[in-house]
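Quick one: structure below, then a few questions.
Note that the chains take the letters A, B and C in the order they are written out, and that residue 1 is the start of every chain.
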Amino acid sequence: MSKKIIAVLLSLVMVMGILALTGCNANNSNNAFAVPETGFNPDEVVEITFTHTMGAKLQEVLNTYIAEFNKLYPNIHITHQSAGGWGDINGQINTEIAGGNQPNIAYCYPDHVAMYNIAKSVVTLDNLIASDMAIPGTEEILGLTDAQKADFIESYYNEGLAYGDGLMYTMPLNKSTEVLYYDKDFFTENNLTVPTTWEEMWETCEKILAIDPDCYPLGYDAEDNWFITLCEQMETGYTSAENGGEYLFNNDANKAFVKELREYYQKGYFTTQELYGSYTSNLFVETTDTRCYMCIGSSGGASYQMSNNDTADGTFAFEVGVAPIPQYNAENRKVISQGPSLCILQGASTTDQQILASWLFVKFLCTNVDFQAEFSMASGYMPVLKSVTENENYANWLAKGNGYEYLVAKCVQIGIDGRDNYFVSPAFNGSSTARTQVGALLLKCLSGEAADDAAVDALINTAFQDAIDECEY
Amino acid sequence: MSKNNANAVMQERDIHKITAGQLITRILSKSFTYIFLLIMALIVLFPFYWMIISSLKTLAEYRQAIPTFWPRQLMFVNYVDAFTTANLGDLFLNTLYVGLVSTLLSLVITVLSAFAFARLEFKGKETLFGMLLATMMIPGELFTITNYITVNRLGWMHTFTALIVPFLVSVFYIYLLRQNFMQIPNELYLAAKVDGTSDIKYLWKVMIPLSLPTLISITILKMMGAWNSYIWPKLVANDDAHQMITNGLRNAFTDTSGQANYPVQMAAVAIVSAPLFLVFLCLRKYIMSGVSRSGIKG
Amino acid sequence: MVDSKKHWKAWLYLSPAIILLLVFTVWPIFNTLRMAFLNGYGNMAAIGGQTFDFGIQNFVKVIEYKEFLQCLQNTAILCVATVPISTVLALLIAVALNSIKPLQKTLQTIFFLPYVTNSIAIGMVFAAMFNIVGLKQGSNMADTWGIINNVIQFFGGEPINWINAGSSYIANMAVMIIYIVWNALPFKILILLGGLQSINKQYYDAAKVDGTPKRRVLTRITIPLLSPMLAYVIITGFIGGFKEYSSIIGIFGEKMGPADDAGRLNTMVGFVYDALERDRQGRASAAALILFAIILIVTLINNKVIKKRVHY
């Protein structure tokens, strides 16, 4: 039996060889969209699809604004579906692209777009944005007006350009960032000031430890974000999207700050999700056992930072304060920008009208102040337009609010205030590996066993080398 | 031979006079069996218990660093949420339809193939069977993209066909049933041939009743498969008319940032598992010695 | 008794299975082979218009991978350890279940329950049982040791760092083995119980009349008559063991190892997934084929050994 199987396998291999030599590939080499001379046709019915990860509550908001949109463009029929969570959407769209069945519009992170772009499936938006072609039956133009462009928070808008070739790939929808949550009662009681730089942070940690020796002064949920943010703040180099992707993080400056963090970790100044064994936000809201008085986490996850609601009347065990994350250098303030953008996808069967319709819808979602405001209020993410803060409903929401809403509003406010400081890490095929690897390397360096200083250096060197090897493999 | 006989005679004598010592051994061995089974049962039961208590927790408690073994506050409202948020009725019917149709068709295909492999002689049988086994060894994830393209070309996107047909054949089940069929003495088949009984009739009258426990095991596994399938249905038929339970649940109970609201999701899983559990309770009777064994005499 | 009519019939019975397999299994395997022999093949890149040369570079790349041996080793250990343990346990449970009268129904129902338990629940329970939360660096303090360590401490033992930062490879492997065995048990019990029910009661009646001791009944009647089912669970267990991946994700998450040593527990299929995620279908296919070759050899050996012992 085994001989026969081997014979069959060998013959299969040969057949494959022939197939491989004669194999052909679909070829659509250019993905820069050229706006057709005839422009958008408002009389022709266009079907477009939109894949996202919105929960039920956000889908309600979306449906309302699809109805609004259809008042303007009744001929554009939009079907939307949720692909589950963030972990699922890119795998699904990858497969759909392979089958030529991709949605017209998709929720995306830069890493995802980099992957879709290998298949040249992402429509670049530059020509669409620049077009001043009038849309029949409306007073609108196809592209963005100067006023619209100026209304975008610049760093969000520039995220679409993070792909190393200067072209615009995505439009920002709603964003989140990292903020520092702290126990306001504890800080007031002990006369502590909220740290604004890392140096102050470590001083504060020392003070807190003196007050409560059993605590972790600081919890940081995402190790990878921490590493990347520090690289950006110190300008020591992380990755670059040039030349199809370069890994720059294996350098002495980064090793130095990792070593410093290790010392602080060994002193018990902080913990992270993986090191602690659970979300540090859980530690933060805890009031009985081991505590953690500061916690750096996503502004979109404010609900997890709520102190335990022990009483029925809605009062909390302690007041949660929110502040921007510490900086390394006041001259070079950097904070990571996350949250969904929108990209337009194309395949062999995508028509120009579909792309135009998709663009009109993307433009609508990203530039409509009411939608941006409502979406932000429902999700806790930050609007991408400056003028949203002037929206009356939104301003009211930001100003009042209590409990959870208050916290969300606070987060959003900090996000809006820090809008000039945003960065996004470069996106290319391999950027998600780099992110995983730096997270793992930081953990290894913080907690690995090492007897003396030389051993620590050796540990750090190996960890960096291993990470870079995995990235470049 | 003679030694065996002597042994048997001796033991037969022993049977008639059970000494106190033997009684104790018997009781001990019985209690040992029970203790063993009870401990294993507890271990096996633990996840089920966990699922139930998780479904009754608040999201905050669920996410706690130190898991609680009993919810502080029983959130029966999770069940209400689960019932109202997702369109459970439709999801349930879709899944039931896919589960039943694919189980039935799959059973027919499996029985026919297993019969051919167990009873019929044909050229290349061993090689073919070996190759079937070999196909089980490649990680199925590599097939996903190719199968997606195939289904797309066949025009099956967003149909129940796409959910049912690609997974009708399971080499695992063919293999399992073949093993079972091969245990049934060949003499029965040859006798049936002499009597002029057709293959199908023989299958239906003898083979199927005798391997009912295995067939029911396959049914359970197949139904469970339909209940738990997630990635493939999401790719080929995630529209409202065809959505399956797991997909519907995952989509319905994500919070604003796209993270799952596990307690409500667990509640929903518990709700949809209940009917399945009842079906199993009924089938259990058949798996457990409800089978007539009259045909095997001789 | 081989006549042409029978040939014809056999193929007729097999035709539905074969047609479906050709379309949904054999064709994808062809495609896998094609991708494996195209140097640096990536699906997205192919759609984007890139072309690839025919060659064996993918295989070279896989074998050159620094952690390749580690992946192989993990896969092998998991396989060799879990299959015998879970098979023996499942056999004992099935036989014990079959031998009792009171409580039989209740216990059977309990052993069926895992089938209606959501897989997310199973993964979470396990991680929670072994997870130590808040282990302080350099001290012997933790917020919670996890239920397993609580039991150890109850009996006066020292708590063990199973899966957290600083845990040992042996501890990690022990957890994986326990988890995989646990996961495999319900399926095996179901199959073996079904098999036991198919054994003719007459054999047991005869044994009873003969007064054969229980252990002898087990080794001389039950196991030989159950051997086809045992062969089935062992062979499929090995195949499943070689494809182990999701259980590691269940305990350790995407990093496939404790916090301070990511990737320590990576397996061959884990490697395949990583490659797929980076649009390296060629490399993934090559790794899958290497794995396939290994499983094939093991299965052939298994078959040879088992064939001698299986009693039909």
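Just a few scattered comments:
Note that in this section a contact is a pair of C-beta atoms (placed from the backbone, for glycine too) under 8 Å apart; a residue touches a chain by one contact, two chains touch by 3 or more.
Given the structure is predicted, the values throughout are model-derived calculations rather than measurements.
Seen from the Cα centre of subunit B, the chain whose own Cα centre is farthest off is A.
Counting contacting C-beta pairs between every two chains, the top pair is B-C.
Of all chains shown, the one whose average CA position lies nearest the global CA mean is C. Averaging C-alpha coordinates per chain places the centre of subunit B 16 Å away from that of subunit C.
Averaged Cα coordinates give subunit A a centre that lies 36 Å from the centre of subunit C.
Distance from the subunit A centre to the subunit B centre is 40 Å, each centre being the mean of its Cα atoms. For subunit A, residues touching at least two other chains, in rising order: 1-2, 5, 98, 276-278, 283, 289.
The set of subunit C residues touching two or more other chains comprises 29, 43, 133-134, 143, 296.
Multi-chain contact residues of subunit B (touching two or more other chains) are listed as 65-66, 134, 145. The residues of subunit A lying in touch with subunit C in their complex are 1-2, 5, 12-13, 15-17, 19-21, 23, 25-29, 94, 97-98, 115-116, 118-121, 265-266, 268, 271, 274-278, 283, 289-290, 429-430, 432-433, 436, 439-440, 443-444, 446-449, 469-470, 473.
Note for the complex: subunit C touches subunit B at residues 1-2, 6-7, 9-11, 13-14, 16-17, 20-21, 23-29, 31-32, 43, 89, 92-93, 96-97, 99-100, 103-105, 107-122, 124-126, 128, 133-134, 143-144, 182, 185-187, 190-191, 193-195, 197-198, 200-201, 209-212, 214, 225, 228-229, 231-232, 235-236, 239, 242-243, 245, 269, 272-273, 276, 281, 284-285, 288-289, 291-292, 295-296, 299, 312. Looking at the complex, you find that subunit B touches subunit A at residues 60, 63-66, 85, 126-127, 130-131, 134, 144-145, 148-149, 152, 157, 231, 234-235, 238-239, 247, 250-261.
Of all the residues in subunit C, the ones that touch subunit A in their complex are 29-30, 33-34, 37-38, 42-51, 54, 65-66, 131-138, 143, 164-166, 254-255, 259-263, 277-279, 296, 300.
The touching residues of subunit B, when paired with subunit C in their complex, are 8, 11-12, 14-15, 29-30, 33-34, 36-38, 40-41, 43-48, 50-51, 54, 65-67, 108-110, 112-113, 115-117, 120-123, 125, 128, 132-139, 141-143, 145-147, 150, 165-169, 171-172, 174-176, 179-180, 182-183, 199, 210-211, 213-214, 216-217, 220-221, 224, 228, 262, 265-266, 269, 273, 276-277, 280-281, 284, 287-289, 291, 293, 296.
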